[in-house]
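So that you can tell them apart, the chains are marked A, B, C and D in the order they are listed, and the count of residues begins at 1 in each.
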Amino acid sequence: MNDIQERITASFAAQGLMATLGAHLVSVADGEVQIELPFSERLSQQHGYVHAGAITSVVDSACGYAALTKAPPECEVVTAEFKINFLRPAIGEQFLAIGKVQNSGKLLTVCTGEVRAISGTTHKVIAIMQATIVNVRS
Amino acid sequence: MNDIQERITASFAAQGLMATLGAHLVSVADGEVQIELPFSERLSQQHGYVHAGAITSVVDSACGYAALTKAPPECEVVTAEFKINFLRPAIGEQFLAIGKVQNSGKLLTVCTGEVRAISGTTHKVIAIMQATIVNVRS
Amino acid sequence: MNDIQERITASFAAQGLMATLGAHLVSVADGEVQIELPFSERLSQQHGYVHAGAITSVVDSACGYAALTKAPPECEVVTAEFKINFLRPAIGEQFLAIGKVQNSGKLLTVCTGEVRAISGTTHKVIAIMQATIVNVRS
Amino acid sequence: MNDIQERITASFAAQGLMATLGAHLVSVADGEVQIELPFSERLSQQHGYVHAGAITSVVDSACGYAALTKAPPECEVVTAEFKINFLRPAIGEQFLAIGKVQNSGKLLTVCTGEVRAISGTTHKVIAIMQATIVNVRS
């Protein structure tokens, strides 16, 4: 896992969007990656909550990197598609996106993701994702 | 349509994320909204292309505002869920997100969206979305 | 729960498609419903495995009835949309579809579903679903 | 196209589910396939309309065969996933499912589908699908 952790850390650091959003990589485990996004007005939709697009961006990255932990070493991953349901408004101090591999084949990896809004010690799941990721030879 | 154009222009301006991404509202028509996103390294994924999350954010907003053009005047809209397929890498000088209403009921509006990458005079569809938006009394 | 179990049993019996497919209701619990589908050549795709459409039909019903266990008593439920990933070919003697409520609001319920292929004592998850169900006054 | 039409006609005839539902293949064109499903009480949900699962089954097959018209000759196709929105109750004498290729790569084909309910001369779109199909060497 050390190689893949380093590889994901370097890849995450190369994602301009994650820096622009203020997201940071929290953990990389075999088949599971967590990314945190602190609240910022810079991420808001029109009511001041965090925009669905920002929430989606971090859980998409979490799913993609979770898939990468299961990919053959000579491969990179590309998101083919995902679907996300928003369960509650994105209100919180922090948002934790968790991507988990549900099945990994030679070619395709299917992940589920969730995003939790954190305020003090309260965690609420605000979004769930189902994503298909493709292994591509790099 | 003048009222709804003003309302959408004001709402778009209140979305911190759209300013953070550098997106701007291009057009508002009955059942169709267009948003443009110029390329920026600040939006990149690890290979320097635009991150799927940024592409998703603008077409989500385009679909949401397209739905708003069909909503009862006393309602706001909230994205319940969407699904997006990425057809090609997001390579281009500009990206044009188009959200269109396919069906609007009292409660739910279903939209399709697409994102075109523009380089010079070349347009290529790089992503397609299918979204469900809820009318909520404001 | 007795009322809702009776109501779901009666509703399931009124679904012509479930009889046509040979599916039967296995269990109804608060927020979770299970439906079983025995293998039949009448359900096949071109290679003799069970068609994705038959698998989808039973897990759609399982999610819908799971949502109904959380709906207000004066409401019925209608599937607004779902997304399903097929993880493996549908090969097995029996298929067990499980629908679970992830979140239920006044208007919308979000469920996840899975389908397991059963051969002897082996269970394999072959499909996962994410569904949005609407409460409608009956 | 003659080869692919014959191949799809033979494959459709081998799908037990299509016969069980009473569906028949209407047309095969390059990138577009149409399947018709006559109303039957055997396909109903609890209110007597056609079950979402039957509607989904035919448009899934239409999208899969549309993808097959674009696949390399040595490949078969497998549905990786799809998402479907139901716009109106499935009320009609006939249902016409249309699958169209939006983009086809070496490995993945993305299709959109729609289902129209037909009563006399009235056509209404009742469902729209977005699907990802994989080319697999046969």
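We adopt the following convention: a residue touches a chain if its C-beta (ideal position, glycine included) is under 8 Å from a C-beta of that chain, and two chains touch if they have at least 3 such contacts.
From a predicted model like this one, the values you see are computed outputs, not experimental measurements.
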Among the chains here, which has the CA centroid at the largest distance from chain B's centroid? C
When A-B is set beside A-D, which has more C-beta pairs in contact? A-B
Based only on mean CA positions, could you tell me how far chain A sits from chain B in angstrom? 21
If you average the CA atoms of chain A and of chain C, how far apart do the two points sit, in angstrom? 28
Interchain centroid distance [CA atoms averaged], chain A/chain D, Å: 33
Give the residues of chain B that touch two or more other chains, as numbers and ranges in rising order. 80-81, 83, 85, 110, 130, 132
For chain B, which residues count as touching chain A in their complex? 11-12, 14-21, 40-46, 50-54, 56-58, 60-61, 78-86, 89
Provide the residue numbers of chain B that touch chain C in the complex, in ascending order. 80-81, 83, 107-108, 110, 130, 132, 134
Chain A to chain C touching residues, read off their complex: 83, 85, 87-88, 102-103, 110, 112, 125, 128, 130, 132
